[in-house]
Amino acid sequence: MKVKHLEITKNMSISEFMNQLDESGVLGAGRIAHATNLLADSMKDEDTKIFLSLAGPMIPGGLRKVVRDLINQGHVDLIISSGANLTHDLVEAFGGRHYSDIHENDETLQDSGIGRIADIYTKADDFEVFEEEIHKIFAKINEKYDVISIQKFIYEIGLLIDDENSFIRTAAKKNVPIFAPGLIDCMIGLQLWIYSQDHDFTLSAAGDMHYLSDFVYNSKKVTACMLGGGLPKHYTLASNILTGGIDAGIQITLDRSEGGSLSGAPLEEAKSWAKAKKGSNLVTVVGDATVLFPLIVAGALDKIE
Amino acid sequence: MKVKHLEITKNMSISEFMNQLDESGVLGAGRIAHATNLLADSMKDEDTKIFLSLAGPMIPGGLRKVVRDLINQGHVDLIISSGANLTHDLVEAFGGRHYSDIHENDETLQDSGIGRIADIYTKADDFEVFEEEIHKIFAKINEKYDVISIQKFIYEIGLLIDDENSFIRTAAKKNVPIFAPGLIDCMIGLQLWIYSQDHDFTLSAAGDMHYLSDFVYNSKKVTACMLGGGLPKHYTLASNILTGGIDAGIQITLDRSEGGSLSGAPLEEAKSWAKAKKGSNLVTVVGDATVLFPLIVAGALDKIE
Amino acid sequence: MKVKHLEITKNMSISEFMNQLDESGVLGAGRIAHATNLLADSMKDEDTKIFLSLAGPMIPGGLRKVVRDLINQGHVDLIISSGANLTHDLVEAFGGRHYSDIHENDETLQDSGIGRIADIYTKADDFEVFEEEIHKIFAKINEKYDVISIQKFIYEIGLLIDDENSFIRTAAKKNVPIFAPGLIDCMIGLQLWIYSQDHDFTLSAAGDMHYLSDFVYNSKKVTACMLGGGLPKHYTLASNILTGGIDAGIQITLDRSEGGSLSGAPLEEAKSWAKAKKGSNLVTVVGDATVLFPLIVAGALDKIE
Amino acid sequence: MKVKHLEITKNMSISEFMNQLDESGVLGAGRIAHATNLLADSMKDEDTKIFLSLAGPMIPGGLRKVVRDLINQGHVDLIISSGANLTHDLVEAFGGRHYSDIHENDETLQDSGIGRIADIYTKADDFEVFEEEIHKIFAKINEKYDVISIQKFIYEIGLLIDDENSFIRTAAKKNVPIFAPGLIDCMIGLQLWIYSQDHDFTLSAAGDMHYLSDFVYNSKKVTACMLGGGLPKHYTLASNILTGGIDAGIQITLDRSEGGSLSGAPLEEAKSWAKAKKGSNLVTVVGDATVLFPLIVAGALDKIE
């Protein structure tokens, strides 16, 4: 195939831009076009379940409504999230926000009660509200359960919050399960521990595996869409080992492969472990997921019905 | 400022997408919005000259028409290019092409006369035509010059080729100078050496400095737009030392800073050398320039009347 | 300070090499010298507890004995590990190995039952032995516990295995606690779920927080040594929030910061969250931990009496 | 092969450490061991010429004596350098130095006349001496030449400076040619242009190709050792196209491949262009060359009698 040079004009649509990338077909243009086509095809295929993994600051970094909308539109069937992304969704659900354009050094930020994630900022006041509200929620869930699995726990939280922008609430309403194998390692986990000091309440670490394995077995095909790496990426891939691996996969990451960490590993490697099927359709997009995933989603939405 | 979450919908325009990134304002979204606004402002400001540097496979990677159009529209005033990007422009000007989707290992490619740049491919046949044609051009230029500076040499080449898609030709027509301090290190350079074996023809390495320094002195303000790093980035910044540095700068790169190489250096560092003015408006976009630069250009074009 | 140029000679010792890096003091040399000095000082200081986090393929990648020796020598006081590093320690404890120099594509590897981690390989046969043995261990632990915290669970495993090269066993003998908040996401977790299908056995996700917080409160000073990022890095830093943050920190990683993921975040950022104290001594070494950590350890051992 | 775990002890020698890396054989350990063995073998083989390319801040970053010693010991046969590394060698030859531990922001540095390269600093006073001295040298060379090639120009500079630590001087004494195709893009180039304003003195850009091609033709085998990427890497590889490519290659870099820039390209890609022979022995070490190259050199010196 010949590389067709991009033609960029005024007043382009995302759709026109994506077509240009597709016709170029090389380097980042090729990777993004590939991911967009694969996502669109997966959205259109009724037999395909889309698993979305969230590592890195996806929710504080501006993707809260993108994830919520994908759930609402039926384009995501299962989510595997870091604890942090759940915490930050709840911070906003309880009235808090994320902030930009605060230019202070980290020691001054500590004094001001401002936590930093790259150029995103959080405020201690918002976390205080979070703590107060999450304990009320724990108490309500504890009325029903002494031992609960992580997925069910998140589901129950989703039912108890009242913010239509929350992806946790939206997932609960839409029966899209959210798994978070490392939930304990975030502010929800810390507060849960404090709560459980004087309440009989146990979060079962392995309790979700039955539901997850059933979900995987009942999916004719799986496309995994992995934003960032870490535990969520690994859990997403590993859960599909039960059926011989995912059928298709998209990862968007800035991590690299040479140190051997899974976060930067090429998706091809998953084939060796039968976490991706032989012949599966796999693409790695190198870059910042908080801007490339929305671009890919916009492009994919334009390609369905 | 509060981070506003992105809202991605079907049938979005690039302009709407860019507004979303701008309102988010953090991580990659913030960086791309910043770069887009800065490029648009620079395009609109009659007092600002835009310097564009091209390192990495920008021309083989699909940006040939993007660069050509920016020149044609008066949005680029001066170009500093690697030799390779000039060579690849001429390969296409002489009828050759760049290719994708060739899946062979590098030893097989060698046997087939196919050169690889990541997932972009070139063919030996196209380079044979290139060699033949470039020697004819050398001979014509040699009729007029025994010693010639690199910029003037590229300008003369531009006048002698006949491909409206060529950015070298377009720059020549539009009197946009192209500098290439490392020109000798590409196929043009190799052929030039072969030509000069039996012709009296010298390319003066330092011969462009006078013109370049005059250009810098005569620019009220300079915005440098640097795609990739390398010699073109350094030369772009260093040429502005004469007037206390650039007024604004955008760089798009995947290189990182910790090893100290200029390619990955933050633009802030240029301030210490007076290659960027104190208070200059500088932004680094981390990612693949072959897809992010077109996106930024599309966004900027939408912002000018 | 003037940069002193390195002088490299035949028959150098690690100690001499490290002195050269220290006297240079810039770029990677400066970072490695800083990390080495900080690790040695932390080893020598009786008031300092050293927390070691293990993400990425540290155990399969050759550091199994390095970690074991640090525990045995009293140089590590607490470990936070990914589940995978624990699994790979057990695979070897049960007689399996990790392999190199297998040059097959990933689809062929799948057919051969060979899993790949970059250029490290595992064999299905070894995992079969692992499965058999780990179930025997589960059963023995289940005789004593119906509900168990993750740390206690790993400790009990350590008591039941018989391989002096195992860091899990060595940690158990030396009473060095190992935490693994994401334990469920590895082969141990998968087998545990299979085991718990027909046994009453619950792993408590939040059950370790009490012990961990006591450990942190009882540490006069903490130096965190973080290999790779991920959940282990986050948990290490977050556990120290209780006392205002770590006193010193070393991280070795190839991840970068611009996407906002914690794995690539500069340690300075931890100050804003009070996960690192104001004035804490923090250094990031950019590179492959599987080779730079052993170098730093070798240098640090030379600096203690 | 089984991965042998590293055993790190007190009082290790570099040689013992390297043996450990070699026996591990995976990830960074494997890459560094491979590079060390290849460099040692190349040093020992009388038929092999070693080409060394220098991009990034190798000389200001502490490798000045390492490069000088390799030349003196006959372990480097040809050098291809960025202009900057030559400039910084001369700055020190004229009495200047490079500095560390200056913690000011870049605007303050500009006011203080301090230029920054990551965490390396230079002083304006040292550059003033440089300017004065380099003009004296230009004048002396101009007495002998009106037109001069870049390599011969650097050689003549080497003969005229008086600092045994200078690699330029050492290379001149030892008849090791230094090429610098982008010489014009550094302070030597800037001063040369100023000098040539009122003197008849032309630097011939293509003038070195004859000598370089003869050198390549007369080398039975070539091992290219490439520190950083950029023009020096490309020129090193491209010059060997004349004989079908290098026989062996080592590159040490933090750049990555996905954007397609040559700096981050895998060496395998060079095979497609016949810049590396089929079957050539190629290894990429990912990391900071200013610390990994000295380590590799130390290891290689131990392996030659």
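Each chain carries a letter (A, B, C and D) given by its place in the written order, and its residues are counted from 1.
The rule is simple: a contact is a pair of C-beta atoms (placed from the backbone, for glycine too) under 8 Å apart; a residue touches a chain by one contact, two chains touch by 3 or more.
The structure presented is a predicted model; accordingly, all values stated were derived computationally and were not measured.
Common neighbours of subunit B and subunit C (chains touching each): A, D. Subunit B is reached from subunit A by a rotation of 180°, derived from superposing Cα atoms (nearest 5).
Looking at B-D and A-D, the interface holding more C-beta pairs in contact is that of B-D. At the interface between subunit A and subunit C, over half of the residue numbers involved are used by both copies, so each side presents largely the same positions.
Among the remaining chains, the Cα-based centre furthest from that of subunit B is the centre of C. Centre-to-centre separation of subunit A and subunit B, using mean CA positions: 36 Å.
If each chain is reduced to the centroid of its CA atoms, subunit B and subunit D end up 26 Å from each other.
Remark: subunit A and subunit D have CA centroids separated by 44 Å (rounded to whole angstrom). Within subunit A, the positions touching two or more other chains are listed as 26-28, 57, 60-61, 118-120, 254, 256, 258-260, 286, 288, 290.
The residues of subunit D lying in touch with subunit A in their complex are 26-28, 31, 256, 258-260, 286. Every residue of subunit C that touches subunit A in the complex is listed here, in rising order: 55-57, 60-61, 82, 84, 105-107, 109-111, 114-120, 147, 150, 181-186, 189-190, 192-193, 196-197, 202-207, 209-210, 213, 228-231, 234-235, 238, 241, 253-265, 268-274, 278-279, 288-290.
Residues of subunit D touching subunit C in their complex: 1-15, 17, 20-21, 24-30, 32, 57, 60-66, 69, 97-101, 118-120, 165, 254, 286-288, 290-292, 294-295, 297-298, 301-302.
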